Structure formats: C-alpha cells, structure tokens
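Heads up, the next two complexes both have chain A, just with different partners, chain B and then chain C.
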Partner chain A sequence: MITIVPNDFLYLGPLAVLTIVGLLLILAEAFAIGKRRRFLMQLTVAGSVMAIFAAIYTWRSIEPGTQISAFSGMLIADRMSMFLCALFAGSTGLIAMLGAAHQREYDWQVGEFYGLMLLAAAGMCMIAMAGDLITIFIGIETMSLAVYVMTAARRRSRRGSEGAMKYFLMGAFASGFLVYGMALLYGATGSTNLQTIRSVLATSQSSSLTVAAIFMLIVAFGFKIAAIPFHMWAPDAYEGAPTPVTAFMAAAVKSAAIAGMIRIFVQALGGAIVPFGQVGWSSIFAIIAAITMTVGNIAALRQDNIKRMLAYSSVAHAGVLLVGLVAAGIAPEGEGLASVLFYLLAYSVATVGAFGVVVWIGNRDRERVLLSDWYGLAAAKPAAAMVMTLFMLSFAGIPPTGGFFAKFFLFKSALMAQDQALLWLVIVGVLNSMISIFYYLKVVMAMYFRDATGEFKPLNSGAVTFVLVLCGILVLQMGMMPTSWLGYLGV
Partner chain B sequence: MTGASALLPALLALPLIGAILVMLLPKEEPGLARGVSLGVSIATLALSLVILGLYDTKIASMQMVFDKEWIPGLGARFKLGIDGISIFMVLLTTFLMPIILLSSYKAVTSKVREFCALLLILEVGMLGAFLALDLFLFYVFWEIMLIPMYLLIGIWGGQKRIYASIKFVIYTMAGSLLMLVAIFYLYAQYGSVTGEYTLELSLLNRLVLPRDVQMYCFAAFALAFAIKVPLFPLHTWLPDAHVQAPTAGSVVLAGVLLKFGIYGFLRFAMPLFPYGAAELAPYMAYLAAAGIVYGAFVAFAQSDVKKLVAYSSVSHLGFCMIGIFAMNTQGIEGSIYAMISHGLTTSGLFLAIGVVYERRHTREMSEYGGIWKQMPVFAGLFLICMLGSVGLPGLSGFVGEFLTIFGMFISGGTAGEPSFWAEFMPHPMLLGAVATSGVIFGAIYLLYMFQKMMFGPLDNPKNKELKDVSWREIAVFTPLVIGIFAMGLFPKPFLQTMDPTVDQFVTRFEAKLAEPDGPAHIMGQAAVAPTPEPAQVEPHAGHNHAPGEAAH
Partner chain C sequence: MSIFYDLTLSHFLVLAATLFAIGITGVLLRRNAIIVMMSIELMLNAANITVLAFSRGFAGQDNNAAYQGQAFALIVIAIAAAEAAVGLAIVVTVFRTRRHSDIDRLTMLKD
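Entry: the complex of A and B
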C-alpha cells in the first residue's frame, strides 16, 4: 500500500518541473501556430534550467551518502539521482537549442518535439530516482516512447522512418524482456522494491528464477545502451534521426539507461550476490563490455558517415561504461560508481558538442554528414574545427580534456576493484582507446589535412554557437580542473 | 626558495600565453605571428637561463620545487621540479625553439599563425613533461605533446604525411596506454600498502613491488619509452615521421621528443622498478647495440638524405640506451651528454637539409654534388654539424659516445671494486665493442653523405644557381655551432652539473635493488621475518580485528 507523506514532494523538484513544463509545451504547441515558434524553444530551455536549479537545491538538502526513500520506496532521493537529473536536464536544454536551429533550417517544425523532449527527460529523472522495479519500467517507457516519436519527427525523411521503425520494434521487444525479467525477479523475491529485493537475495540461495531474470534484464538494458550484441538498431536509428535527436539518444538516453542499470544491477542485485557465486552478473557484463568496446571501435573505423561513426563510437563508450559498472558492482566501497557518473558527464558534454558541430556545419542544400564533406574545415572555419577537435580528443581520451580524466578515473577505479581482478578488462579497455584514436583522428585529419570541397555555409544561429562554446569550455575545464566535479560526486 | 619556485610554472605559462596570443593575432599578418612567437620563445629561453643561473650545482635532489594540490580526490599534485638531468633537457628545449621558429620563415608560408601556436603548445608539453614530478601530471603533458606534433606532420608535411602522422600517433599511444595500466597498478599497490593514494613520484619511488611484478611494470613503462627512443625494432615510425615532417617538425622530433625515451627510463622506469630494470637490462642493451649497428647500416643504404639522418638517430640513440644500462656515473652522464649533443648536431643536419630542400625541393643525394663551390658558408656549417654527429674529438658528439662506451666497458666494475651491476649485465665488453664499431660505421655513412652532396664536380645544372645561406640562416646555425664546439671543448661544467644527481641516481638504484623480494612494501620496511606473517586476517573476520594485526 502506498502511503504518501507530504515531505516526499520536496524531493520531486526536477521531475515535477520537467513534467509540468513538458505538458505545458504540448499545450502551447496547439496555440502557437505560425511564427512564434522561437518561444517553444525558449520555454524548453527555461524548463531545463529550472529543473537544474531544482536538482541542485535538492542535492544540497540531502546529506552525502544517504538515500531518502520517498513515496513508500517508489522513489529514492540521493545525491547521485540529483546529479543525474541535473545532467539530463542540462543535455535536454542544450539539445533543444540545437533543435530549434535544425528545425528552421531543414523545415521540420514539429512543435511536439520540445514537449516530448522534456517528458522524456522527466522519464529519465524517474529512472535515476527509481526505488522500485515499477518506477524503473514507467520511467523507461516514458522516455522510450517519446524518443521513438522524436526519431521519426522528420516525416518526409525515409531514413528517419526506417530508423524509427527499427528502433521502435527492437525497443518494444526489449521492453518485453524487461517486463519479463522484472516479473521473474518478483517471482523469486516476492517484491518489486529494490531494497527488499536486495535483502531477500542476500539471505536466500540463488534460484534458477533469479538467473533467468538477470539474463532477461541484461538483454533489456543491453538494448537500451546499445551494447553488443544488442546494438543493431543503433547505427540506423542514429543516422536516420534528425541530428539533435541523435544527440539526445546518444547523450541523454544512454545515460538514463546506465542510471537504471546502476539502480537495478549495482544497488539491488549487488555484484557479490547472484548468480554463479561470487562475481554474479558482473562477469557477464565484463565479457559484454570487452566485446562491446572492441567490436564498436572496429566497426567505427570503417564508417564514412559521421553520424554513423559517432553511433558506433557511442556503442564503444557503452562498453567502457560497463567496465565502470562492473567495478562498481564488485567493489561497492570503491569509486566505481563515481567514475561512471563522471564518465557520463564527460561523455554527454562531448556528445552534445560533437553533434552540435554536425548540426552547425550543414545546411539544407548540403547536410555535410560524410567525412569527405568536412575536408578543409580548419582552413575555412578554424574555431569550429578546433572545438570539434576538442570533442574528438575527449572521446578518444587524450588530455587535457574531460574525456581523458573520465577514462583515467574509470579505469583506475576498475583496476583497484578486488585485487586487480579486472586487470584484463582494463588492458582491453586501454588497447581499445588506441583503436578509437584512429577514427577520431580521421575527423581531425579531414578537417585539417585536406583541402575544402566547396564553400562552407554553416548555420547562423547564436544558440548553436552558444552550445558549442559552452561544451568546448566544459570539456577543457573538466580535463584540467576536475576537482569540483569530483566534489559533487562525493569523491 | 619560495621566489624561485614560481619560476618553473612561469616557464610553462610563458609559451602557453604566447600560443594563445598568437592565435588571437589577425590571420592576414603572418609576419606578426612569426615575430611574436619568436619573441616569446626567446623570452622562454631567457627565463630558462635565469633558472640555470639560480640552479645550485652541488645539490643532487630536486630544486625550485613547485608543489600545489591539484586533484585531491585522486592524489594527483601539480608538482614541478628540476634536477641535474632535467635542467639540460629543459635548456635543450628552450634553446632549440627559437632556432626552429626562425628556421621556418621561408619553409612555412601557409597557416603561419597556427604553425607558430602549435610549436609553442608543443613547447609547453615538452617542458611540462620534463619538469613533472607527479605521474598523472607527467602523463598529461606526455600526451599533450602528441597532438601538436601530429598536426605539424599532417598539415605541413610531405606527400605521405597522413600515413606518417597517424603512424606516429598510433605507435606512441600504443606504448603509453600500457604504461597507464602500470601507473594504475602502482597507484593501487601504494594505496593498499600505505593506506593513502598518491601519484607523486617521490612517494611512489619508495614503494618496492614484488620482483616479478616489477618485471611486468617495467616492461610496460619500457615499451612506452622504447618506442619514443626509438629502440630497435620499434623504430619504424621514426623514418616515416622524419621524412614527411616539415624541417621544424623533424628538428623538434629529433632534438627533443626522442629524448623523452631516455629521460623516461631515467626518471620513471628505472627508479620505480629497479629489479625489473636490472632483469631486463641485458635485453635492452642488446637491442640498443643491435640498433646502433642496424641504424648505421640502413642509413648507409639510403638515397634520401633526410632518411639517412633519421636512421642515424636510431643509431645515435642506441648509444644513449647503452649508457643508461651501464648503470654507472660515466655511462649515464655520457648518455645525457650524448642526448644533448644529438639534439644539437642532428637538429643542425635537419636544418641543413631544410636549407638545400628549400632551394631545390629534392632530398635525393644523387641530385646534389659539388655544392661546396656554390655554397661555401653553408658547407662549413654543415660540415661542423656533421662532424659533431660523427663524434670527432673536440666536438660535442665525441664526449658522449666516449663516456657511454667507457661506461659500458666498466659496467661490471673495475679490477679493484666490482660493481653490483656485474650480476645483471653479461658481456659488457662485447656490447662495448659492438657500440664502438657503431662509431666507425657512423663516420662512414655521414662522411659518405657529405662527400656525395658537397664534393665532386658540380655537374647537375640545376645546382649552378644555388645561393649561399642568407643572414637569417646563418643566425639559425650559429647558436648550434657554438653549442657543438662548447660541448666538445669544455665538457667539464656540463658534467659537473650532472654529477650529484647522477651519483644519487645510481646509489638510490642500488639501494632499492637490494631490497628483499616479497610482497609490496615501503623501502626499508620489508617484513623482517622470512616466515609468512603469523596473524592473517581471515576474510570473514570482518572489521573488528585485534589492533596489533594491521602492522603493514
């Protein structure tokens, strides 16, 4: 029975803001016919900023290391979830700015886009705050349904429809696995509450029911974060979706799925509990991580389309994140969790920035998504080439960027877990960094070492420029002065 | 020393500010960018000379230490310092940078602003890596060097520049990433032994790892540095990078970047893992000796003069490797000396090739011949750099090569006092002999190159209109030539400055090597009893164990 205490609402800040502004936007769309569309974007950004402030406020009101159970354990408010809420709201706001310029240029002014985006972000916050299997499921569905629609938002784009269709079918299938896995877990433990599941599993023998449940959940989340072998939808959906939506999928949706995995796997199932004795689900994830990093990077090597290349690169990053999750699972007292969160932050910033440059560089006559379209950018637009280089270096993990510190921190935490048990995985990880450098530098090479083909006519949008500059500064700041960020993560 | 400690960060800040300043200059005025960057690099040189003036040559340990908290959550500090080894590396860097900038006035005409800014950023990375006393800080600077060099080769390079630039990056990264894993491992071990986590070098140096682990960790570090040296057979990136790079890039590469290999061994790999270094020393030394001979032979077979000089670097850096693995004061000082000398002479050779290349746009030796008559001043400058590289007594190359080979010969100790190193380095005489043969081969291919280009009849009509070097080019060569003579004639001040630091290096190495094997421990605090510790904490005992148990 759910009892609601008035105090619970105090922790609802970011979730409530995003939901209310999201609904408002869908209403506003009905009235804002014609020219006054700029207003929609501004309202979205305002909503995101408000949500960030709400998250910061709530973050401050929570003592470090405590988990406050709200709404009878349906939601958990802790510093981690507030950090993630701020991250989701931040990426949403920035991507909304990219979206407005992209919509104007390519003439797909779908007003629902903004509302859906905020509702998806609300779903993400719900996942981050989830204390119960039910809330995780509701959060994931809220987020996914909105993103399916956003993927197909350019109605006249065939590739968009194809990508959306694939994404939707596979996503629906994965949701099936998710519900099934949750049902089995409920059958094994008699509860949907994550805390209760943890305590029940800690005392009971692991049953075949739990094993089956865990496999189902691994498939479901493997799909959401596009881990190999569940990644098939990702390249098509990423390529077909309008670029801002791709950025949203790569940055926010993936982070939210990782947040769900932290809640279910790390916190409820616990690395040391089930199944197969000591290492539990983490051994499966360790193997998936190694394969995901390797195959993702090798596949990315061969891409000529930047969006597709970034899709495979995001697959590879999912592998790196899994390494961190495994570390957090087998060594809960270590810094694995904090390193995953920092990695999400650095990855999201670089992703929004990189797709921001992809949005910026093209126009309706020439979208410039092929690598050869980027030839000679450095000579024509040196500043843009420089920020893109920063994002690529951050992805590749080369200092002085945030991506470098994130990778350093994550692999360090992984190596320190359980007497270097993950040494092999860390070695696979760093060797993969080497492979990845190859294709990230391909972009740099195209921009700097080749001669331009035709004149560049990038989008002239203050909002996009703002996003690029902000992300560029953040990437450098996180790489050189990560201390304050680590402070927010409790390190 | 509070005032002096601000000098080292200032040395990094100066070129960094310069780079930002250059990028803000208008694109249309390349001359302004050149002037500003040259001025900044000369100011950096002046500052490094001030540092030299304040440097106390009697102190062995780090001086002018700048230490500031950076990432406390990680235990990384922003710690810089300078000692008798790094001071020469720093001076070499600041000394070469104005020369490089001045030399590319004619050679680089497109994107001048970016070119100058990249060189200054590269200088920041190089100086930072030489000064860093924290592993994280070092790694950051070590990788920061990579991208400017990549861009220098890729944007202003030759025909196959894209291939060469990516090969350069991949090789360097391949080595450094495994080093990163070893750094994590060291960090974790130090943390589990002492309970506090740090990446500061002086603290990590006190940790003694089990001997087999030292081997792996040393191998991981050695791979990173051996690629940079480059140690045969990991040298294949070097000729490509050199040939494709613009003259300025080749000079930075040969003059400074290669030195990071040797420097890394001396500063990090050997002090951190002495047993690993000792066990693997024969292999490193054999490969170095093989590289000396191999580099010389391959250099002799080249028709492209730039490739010839590139392979000569493989050969010359082999001497430096032999020197550090002789593990005595003579060998290591010789190695450092040879590094500085190589920095001057090879830079001179690459600049000389740049001079003729700018005029004729070919590097085929057969295209030249009889240039002496046409360009007598140039020929003289070229000759001095070449003879310095050969190791003619009285010029800089001789002292270094002599000391490294001498060091290797006596690495087993002299008749009266045997050395601890004899146990680890078999056949030092053989290695010394092979290295000595390399000196002769070096003379052969370099003299052959000079003869083919400068002597003989001036029969190629295209060479008849060659103009001798301009005043700017003379200004480029003059400091190098002075340096080559000074180092050849007055080695004493150089060696005296190194002495305390190198002595201390060898003593510390020997002391740490003598530490007993066993689980990781802090130097001098090994478990005394040979039997395993009596009270092992059982896993299920949980947190409340008796207070006496947590001894180590």
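Entry: the complex of A and C
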C-alpha cells in the first residue's frame, strides 16, 4: 500500500533544490545569448549553496541515530544522507567555479554543463537517501547519464569523445549487471525495499539466488568506483574528459557510488546477516581492495600525465575506501562507517583542489597536463605550488593534512573489526600508502627542484583562486582539527 | 514435448540468463559501438524478464511484491531508453570526429 504523508516532503530539501535549479539552468541556457554566460555559473553556485543549507536544515531536524523512512520506504532520511548531500552539493558548487574558467579559456561554452551537473548531484543525493533498490537504480542512472554527457561536452575534441565512449560503454555494461543483480535479489527476497530485504535475509538460509545477486552487484559497483579489475575505463575517461568534469567524476561520482554501496552492502546486506563465510561479500571486497590499492598505486608510479596519474591514484583510493566498507560491513557497531564518510570528505576536498590546480595552471596555448610541464612552478608561482603540495600530502596521507587522519581513522576501524581479521588488509594498505608517497612526491619534486621550461601563464580567474584557497584551508583544517568534523557525519 | 505446455518460472529465468550471457558475450567480443550498445540493451532486457517472471510468480500470494517488481520493470524500460539516447549521441560525436565507430580503433588514450 503506497501512502505519502505530507511530512515526507520535508526531507526532500536538498534533492528538490538541486533538481529545480538544475532544470531552471537547462531552461536558462536557451536565454544565454552571446557572451553573457556568467550568470549560469552563478546560478549553479547559488543552487549548490541553497542545497547545502537545505541539507543542514534537514540534518538538524533529524534526531541523531534515527532513520526516517519517507515515501513508503523509497527514501531514507538520516543524518548520514544529509551529510552526503551537503558533500555532493559542495563539490558541485566548487567544480562549477572551475568549469566556468575552463570553458572560457578552452572555448567549449556548453551551457547544459551546469544544469547536467546539478541534475547529476540530485541523482547522487537520491543514492545517498535511497531506501529501495529502485531509488538506488534511478539515482545511479540519473548521475551516470548526466556525467556521460558532461564527459563528451567538448564535442570537437577527439580525446573527449573517445573518453566518453569508453566511459559510457563500461558504465552501461555495469548498469546491466546492476539491474540483473537487483532482479535476482528481488526474486530471492520478494521485495525491492532494502529494509525488507534485510529482514527476509535475516530469517532465511541464503539461497544461491542471493549469492548470484551479490556477485552481480559486486561487479556493478566495482565498475562504478573503478576497482580493479573493473577499472580499465577510468584512466581513459579521466584523461579524455575536460578537467573540471574529471574532478567531478573523481570526487563526487566516486563518493556517490560509495554511498550506494553503504546503503546496499553495509546496511541492507551487512552486519549479522552476511558475515564472512556465508555469502561473504566482505571477503570478496577485501581481496578486491588489496588488489585495487596495489595495482592502482603501481600503475600510477609510471604515469607522466598528471590527469592519468590522478586517475590511477583515485583507483587506489577506491581500494582504501573498500577496506573501510569491509570493516563497516563486518563490524556495524564499530567506527567503519564514520571513517569511510570522513575519508570521502577529505578525499573529495583534496581531489577538487588538485584538479583545480590542473585547471589553473594551463592555458589554451599550453594545457600543461604532463609532469614535465610543471617543472619549476614553485619558483614562478610559490603559492600555487604550496597548495598543490598540500593536496598531494593529503592524498599520500602525511600530516598535517586531512588525508592523514582519514587514513588513520579508516585503518584503525579496520584493525578493530572482528578480532583483527583484517590485519593483513591493513598491512597491505599501509604499505601501499608508502608506495603512493613516491608518485605524489614526484609532482612536488617537479615543482620545487626542476627548472621551468617556459613562462607560466595561468588562468586569471578569481573563482578558481577561491576554490584553491578554500580547499587548501579545508585540507589543513581537517588535518589540525579532524574531530570537529566527526560530529557532523551522522553515524 | 511437455516443456512447451508447462512453462514454469525456471523456464523464464533460464531464458533471461541465456539472454544476459549473450549480451555479455556481445559486449566483450563485438567491436562496433552500435552492436555493443545492442548487447547492453539485451542485458537490461534479460534483467527485465527476470523481474517480471518473479513478479508473476509472487502474484496471488504476495501482491505487494508483485507490484514492486512491475514498477521496477517499468522504470528499467524508461531508463534503458534514456541510456540508448545518450549512447547514440556519444556514438555520433565519435563518428563525427573519426568517421568510424569501431571501439578497437579508439586508441588515442592509453598507457
């Protein structure tokens, strides 16, 4: 029986704001005549800020630790989902600022970009709030379809269209697995509602249908977060896409896929229901995590293109996040979930910042995406080299940056889970963090200890500078006062 | 030949699994982007057959479950259509810049 209570609409805040402003922006594109396009970006940022406020307002109206089921269980409103909505809206707003400068400089002024970005963010919010397989699917597709188009937004770029093609084909392939997995899970449990699935699985022997369903879902989400061996699209799509879109894919899309995994794996199929051994998604993910971190880091070592290197680094970060998810899945009373959410925050901020520097450094004559193009940046532009160093340190997990505490919390929660069952995984993770220091410091070395190969003519854009400064401050703030954020995570 | 008269749930599930396998094979083996997209559609439709077969199986005992499956199938159909539209648009942009849509020959981006 479907009943909709008027109260349910109160929890739609961020989702509704992002959708409405996104649709308005697509409409506004029709009226953006000539060069007056700045207001598109301003409207996007305004929409994101409104969505953040809506998320904060809703966050405060929800009691800690409660899950409010809205629209007959299709959506779940809890503090975690509101935190994630604010995170998605925040990265969307920052990346819109990068996008405006990038579009002006490289002359691909595609107005739909902004509208699609907000609609993608609305899809992400839906994933974060999802309480049903159907809403997870709608959210993932709303997000993915928008991002495919954004990847191909530079229509005349051969690299852009190639990256978009690979991204689309692999993404759609993954969607096939996702739907089939959901179909089997529905068949095994007789419901698409995650709560009902959980209670049905708790009282019955897990059938072969459930096992097949979980296998399909693992493949699907493996593609979405670019875990190895499902990562082959990621470096190509990241390199081919316009840099702001790459930032969006690396920060927001990956976080949203992790949010979907939290909803499906950790909350619906986790805890006492699916421990190690029985259906054991966590044992599969533990192995995938170890391989993903190792191969991702080793592949990143030999990249000389910054965007490609960051792509492999984001593959490696997906592996670290999987460690947290496994810990949260097998020990739901532990701090696994909180550490994953904090990691997403620290990782998103550093990613937006790092790609922000990549946007900032180039111009239409020389895009400067190769490592050798960054030689001598510190001498010419010390401030930019310093913030880039901060983001690299945060990625590598070196204090005093947010990335250090993110890795620390995450590995600590993994260590505490189930009598150190994940000790080997933590050791692999820590060893990998050491490997990753090599290639992050390669960027720092290039900026500080080499001679410039030409005069730097970076983008002259206040918005980009603002993004870099804000991300730099946040990275430092999270490194100095990490506990100030833990109360906001909502778990 | 009783299998033509007594169709059970398993027949539909086997049909769907076969279609899904054909879809995967098509994606992995075919090189033309359009045919790969057709294979992906096959995978989505295999999932839809599965959902609807289960939904029919639940009908009568648990109508709520049956309706959920039907709603899911409708949404999958709608989204598959949107996905095809976006995919064809991307194929067109690739074709415009290169005059082919052979995914094996997309080699500008690689390690």
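One rule holds in what follows: the second predicted complex is superposed on the first by the 480 of 491 C-alpha atoms of A that agree within 3 Å, B and C clash if a C-alpha of one lies under 4 Å from a C-alpha of the other, contacts with A are read in each partner's own complex, and residues count from 1 in each chain.
The definition used in the following text is that a contact is a pair of C-beta atoms (placed from the backbone, for glycine too) under 8 Å apart; a residue touches a chain by one contact, two chains touch by 3 or more.
Being a predicted model, the structure only gives us computed values, none of them experimental.
By the touch criterion defined above, A:299 lies against chain C but remains apart from chain B after alignment on the C-alpha atoms of chain A.
Of the two partners chain B and chain C, more residues of chain A are touched by C.
In the superposition on chain A, A:324 makes contact with neither chain B nor chain C. When the two structures are aligned on the shared chain, A:356 is found in touch with neither chain B nor chain C. After overlaying the two complexes on the shared chain, residue contacts for A:14 are found with neither chain B nor chain C. Contact with neither chain B nor chain C is seen for A:336 once the two complexes are overlaid on the shared chain. In the superposition on chain A, contact is made by A:184 with chain C only, not with chain B. With both structures placed on the common chain, the touch criterion links A:242 to neither chain B nor chain C. On chain A, the patch touched by chain B and the patch touched by chain C do not overlap at any residue. Partner chain C is touched in their complex by these residues of chain A: 1, 133-134, 137-138, 141, 145, 148-149, 152, 155-159, 161-166, 168-169, 172-173, 175-177, 179-180, 182-184, 186-187, 190-193, 235-236, 239-240, 299, 302-303, 308. Chain C contributes residues 13, 16, 20, 23-24, 27, 33, 36-37, 40, 43-44, 46-48, 50-51, 53-54, 57-58, 62, 64-65, 68-69, 71-72, 75-76, 79, 82-83, 86-87, 89-91, 93-94, 96-98, 103, 106, 108-111 to its touches with chain A in the complex.
Of all residues in chain A, only 378-379, 382, 389, 393, 398-400, 404, 408-409, 411-412, 415-416, 420, 423, 426-427, 430-431, 433-434, 437-438, 441, 444-445, 448-449, 482-483, 486-487, 491 touch chain B in the complex they form. Listed in rising order, the residues of chain B touching chain A in the complex are 70-74, 111, 114, 136, 139-140, 143-144, 146-147, 150-151, 154-155, 161-162, 165-166, 169-170, 173-174, 177-178, 180-181, 184-185, 187-188, 191.
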